[in-house]
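Each in structure tokens, the structures are laid out below.
Shared between the two complexes below is subunit A, which pairs with subunit B and subunit C, respectively.
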Partner chain A sequence: MTDILDLSVLEAHNAKVAGELSPQEHVEAWFAAAASDELNAYLWRNDRGAGAAAIEVEQDWNAPIAVKDIFCTEGVQTTAGSRILEGYRPPYTATAVQQLIAAGLPILGKTNMDEFAMGSSNENSAYGPVLNPWDRERVPGGSSGGSAAVVAGGLAPWAIGTDTGGSIRQPAAFCGIVGLKPTYGAISRYGMIAFASSLDQCGPLTRTVSDAALLLAMLQGRDPLDSTSVGIEGGVSLPDREDLSGLRFGVPAELARDSVDAGVREVFERTLQKIEELGGEIAEVSLPNAEHGISAYYVIAPAEASSNLARYDGVRYGMRAGGEGDLIEMYETTRSEGFGPEVKRRIMLGTYALSSGYYEAYYGQAQKVRTRIAQDFDGAFAEVDFVVTPTAPSVAFKLGEKSDDPLAMYLNDFFTVPMSLAGIPAISIPAGLAAPEGGGPQLPVGFQIAAPAFAEQRLLDAAYALEQGIGFEARPGGGSGG
Partner chain B sequence: MVGELSGILGHVDRIGNLDLEGVEPTSHVVALENVLRADEPWQSLPRDVALASAPEPQDGAFRVPSPQAE
Partner chain C sequence: MADLEAVIGLEIHVQLATKTKMFCGCELSFGDEPNVHTCPICLAHPGVLPVPNEKAIRYALQIGLALGCEIAPRSIFHRKNYFYPDSPKAYQISQYDIPICGPGRLGDIRIHRAHLEEDAAKTIHVGDSGRIHGSAASLVDFNRGGTPLVEIVTEPDLRDAAEAANWARLLRETVRQLGVSDVNMEEGSLRVDANVSVRPAGSETLGTKTELKNMNSFRFLQRGIEAELARQRELVGAGGTVEQETLHFDPASGSLTSLRSKEEAHDYRYFPEPDLVPIVPTEAMLREAREALPELPAARVERYEKELGLAGDVALTLATDPETARYFESTAAAADGIEAKVVANWVTGELAAALRQAETEGGAAESKITPADLASLVELVQEKKISHGSGKKVLAIMVAEGGEPAAIVEREGLAQMSDSGELEAIVEKAMADNPDAVEKIREGNNKAIGAIVGAVMRETKGRADGGEVNRLIQEKL
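So, the complex of A and B:
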């Protein structure tokens, strides 16, 4: 049983094809594993005996999957981590989830997340924080913290999440797994509860780069129900590149003065050496506007959120609160009681940034910074094939460490936000372990690789070659070193 | 929360001083023309399904408190 759970999805598939593993045994092992969640990572688990609550599975072929609770699932509670949607059962299923079901993937459960995907630690969930499987006193990252924790903690072989400013890549880094944010438009957003519509993108959280490619191949495509979806031309196939010869990796010159923990910087430098050992070339590039990414992002994302979240008003679905008062009182009470502090903070920031007299100074200016950041990347990709950075400036921090300081929490997204603003794909792969500042057991460090829009195949090929070269095999709970 | 919001706005204000005269704003990153579909009737949610999650459905509609306090 333990052996089955050690296999990546691709390895398990190969074992099934070779007749060494029964598909039924594989699925059962994962359902049993999911039931042992002690990390508060699942908000709903698919108890197949429950019948009515179970999601229909069209064929029982592949590895079961965990789905972030931001994706609508017909008849199954979908909360987006918010009290305001407690008990909400959507009347339809998100296209991304429908694609997985159509591919024969049983749904293991819905994973915990920061409320409406707003957060970098999963501490903003109305249903309690997720614990990091490497150290239960630490956060798993966010907002797809549950999806990262189930994959790292052996509670699911793979998962999907969403990334608006780093919400797949940063938790993947904190939990020592692979996380891919595809190009904006690669995967349908239909049925994916909206946070910031011009940035939100679905993507895989997996143990290996190959598994990320497998999932992306199932998820990508144009969807008539999402007019901004375009898919990936030519599709996606399994990566098989063995070295990095002929490829140029750009390191932003600005990184030298950025605030990065010593341990993270050391793993990053070591990974650059590994790239050179594999035949790749390291070059310096300049992203002079990237330092303004956080400022632009924390105008644009809250502005879009303030509009998107206007729909939670206690009328058509979700929670309604308020007594005998009038309609306005009902709206106010419902939203006051239904939303948590971070969501309220962002609705207020966004409303302010869009208000008459401030619009140009905030929203207009942020959209221009966004253009500049995209141009920075265009310039860099004229010189190099990929841009690389640490995924996050630190390893996983302690629960409560940043929860009283929203700005410190926002700055954790420093390296992931610029790619989101530019709409380009970026992957985080585990690159090594480092001790947290202030001491403690070693924790995973992520290495981020970004590529031009829709260059997912090249990105996955390079990430695969680097993954093989790094040979990261460490597991939570004192597994083998790597 | 007032202090927190001021701190965030203080950080965000840094972009206020950048000279971005003549830079085109980006609202959408993928170059897309208008996406049109054929003007054909298509399935929509049946009324009872659309009302199933409503806090207070009544007579096939969403009931809300009076807009005016009595």
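So, the complex of A and C:
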């Protein structure tokens, strides 16, 4: 049989059921693989020693999982990629993680991320950037860069991350794996360290669409600890659709314009052809307000973040600096030393946007745009079943390439932010490889499919059929597939 | 210079007596060891989320209905952002532009709004000042943090300090009778802030207001407002202007010190709380809240005045305390054919005085006198079976040992003298014993009749009917 680490979770499960793979062997292989992290993808690894006692490892049939370091895990350091939470050991475990543990999934480790999920390259981690397993001079995307890198780099069979404006889908695209952002409210946010509460959503990063469905089935549900959670009615089952006949895929005219790299555009066009080959229909749809998504997003998300991150004041937990006899000085020193530059930038942006006299012009206006974008999607879904775009305008870029240009960095979210603002589910699947602008080895390109709220099953079914049709087989360091 | 009229509005924070906090499952407590009622949620650990306390929402609806407020079909929570150690999230979850309770009225005072929010933790500043400035250290007790609060805001309808204090008493009684709060000012479960300004009498515009805090009794509330009004009147009278500021009232010295000026006012950066969904009270919730409402003091006062014909002050005295009100109503029901007004006067007058005289703890309802017994006593007096004076004597005995008035009358020999021959003889003797008084009456000095009546009453030990004695004296003259 093939290498254990090449199997998707579903394949491994089938092998175990067929008696071809021992559950123990499977788990051990993954723990050994995780220990070989050279990508700076794990911030904490479960060595299953005394220090990890708080996370119970059950040697169940299920595959072990990597968890983004934004999820609180009782007794285990949870930093959200920030210096200000260095050494913080939460007194409780996030609902999503609790559900995985309850389903018998051993936790492999906690993955690196952009500080407080703010970033598209993982370069904003206080613990150093994660390297892209396809090219270690390139970024894995962000903010769930660690979770994407461990899955793509053979350090975990699957992982969970969070997506606020693209933080699951964009790194999934950059690393050549599947990333799903479910409908807002599908999965509990309790214990997920907040960046922008009205946008944050937990989701799976997996090798395959089937694995994403398996994980979503375990994660989704209404949680009494999260008033905004509702779960997915009817649950989620394994996708088994073989073609796309009778389904209409809308390409938004407004999002298909410029600023997309030629290589990405080519893979996108090829994927549209594949959809038609599979019996699907391509139509143009209009999302007239979607192009303002970035502007609205970079008001709303920082505004909420400025409030969510105000609790890190050095009083009760985490880092404390300065403050000999002066409370205000302690607040200031702790926050100045504890937060990185991007986090500070967004706190300032958000504070400004909410301040008296500017609220209507910024936050109020952004909320109106958000409503319009949601209406645009409603209009589009009256005509088509799905809206499709490239996941990101480019393939993975080089470390340091955009870190001095926040605006260029923000544009990475151009295709993913509108779905976040509308609260609808969207999946990125690997659609092929393309050479980066400026040359170099070929890198994965993601294809994004968005569906109406809570239509996860339909979305997974279609993504599965397309995934089978594309047959993306490429692996980091391996040969070209798509 | 024209007279300066006082304009006062109140902001009242009511701690709700729910079992648990507003957004987590921690128990509410008062006086426990510090920081024993805390959890990751009320300590604002990373990743936690608030879940609203349904009971608190129901209580807020009851308060809103009791204050005649419009209930919002859909209200939302906002975040009020500020850095201070008493606020672990660095924001308070409150309500802003869409409160659960809109405009209403209690008595003559209009309610602007009432909204739900969470209480801050308690900070204790170690040092002489007792405040954060100049303190050696500050300690935080998170037990109180997250306690459900309803903040009630009035319109600026109050016109003097005493009126404000009296209205606040009515509000407290109203909330207390709902059973949704302990309304204990000393323990802080009822906190009253006052917005105070002055303006030329007759003016329609509002003057610049100051906000008074820390008045933890109705007396201090009145004194604080009085002190601030005096300060503002003097200032404006001398041609000065009032600065908008928040003032701290020191009950010990009676002085007001500035906490912060307008320039130092916070920009709270309110925005809708994304972690919570809107409050949409269902028809069933509203119905339950309505059904749970007892008759409240203001409504009772109105009923006593309009239906029972009681005088305003008597109605207020009876209606304010629900126990006394119940006692009065039972007595009135038991007193056959006697006007409620008469019974009310007995309860608030003679009985209250007798209880005071005996230094009895508690009011009429806790006394040894049952409503039926009091009703019998009032009947005896009204039917002139005993004199009013004898009635009071019987009442004093009833206060001390209880018992049926008829039996006490019998035992003490207090029955009205029914044999007019006997009384006539006593009257004649009294007139003979007081010839000076008789003479004076003949000369037109009617006051002198008191001496003769007094002598008759002494002789009869109060058993004679005053009216009959008077009639007999006039007859004999």
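The criterion applied here is as follows: the second predicted complex is superposed on the first by the 466 of 482 C-alpha atoms of A that agree within 3 Å, B and C clash if a C-alpha of one lies under 4 Å from a C-alpha of the other, contacts with A are read in each partner's own complex, and residues count from 1 in each chain.
The rule is simple: a contact is a pair of C-beta atoms (placed from the backbone, for glycine too) under 8 Å apart; a residue touches a chain by one contact, two chains touch by 3 or more.
The structure displayed is predicted, hence computed values, not measured ones.
Looking at the shared chain after the overlay, A:Phe414 reaches neither subunit B nor subunit C. Legend: residue contacts after superposition of the two complexes on their common chain; A:Phe472 is shown touching neither subunit B nor subunit C.
Shared-chain residue A:Thr351: touches subunit C; no touch with subunit B.
When the two structures are aligned on the shared chain, A:Arg316 is found in touch with subunit B and with subunit C. After overlaying the two complexes on the shared chain, residue contacts for A:Tyr184 are found with subunit B alone; subunit C is out of touch. Shared-chain residue A:Ala296: touches subunit B; no touch with subunit C.
Residue contacts after overlaying the shared chain place A:Ala422 against subunit B, while subunit C stays out of touching range. Set against each other, subunit B and subunit C touch different numbers of residues in subunit A, with B touching more. Under the contact criterion defined above, the residues of subunit A that touch both subunit B in one complex and subunit C in the other are 88, 90-92, 198, 224, 227-228, 315-317, 327. Across the interface of their complex, subunit A is touched by residues 40, 43-52, 79, 81, 83, 85, 88-91, 132, 138, 140, 267, 269-271, 274-277 of subunit C. Within the complex formed with subunit C, the residues of subunit A that make contact are 70-72, 78, 80, 85, 88, 90-92, 94, 189-194, 196-198, 224-228, 303-304, 306-307, 310-313, 315-317, 327, 331, 351, 354-356, 359, 363.
Those residues of subunit B that touch subunit A in the shared complex are 1, 4-5, 7-9, 11-16, 18, 20, 23-30, 32, 35, 37, 45, 49-50, 52-56, 62, 64-70.
The residues of subunit A lying in touch with subunit B in their complex are 88-92, 183-185, 198, 224, 227-228, 230, 292, 294-296, 298-299, 314-320, 322, 325-330, 341, 344-345, 348-349, 352, 361-362, 364-372, 374, 405-407, 410, 421-423, 453.
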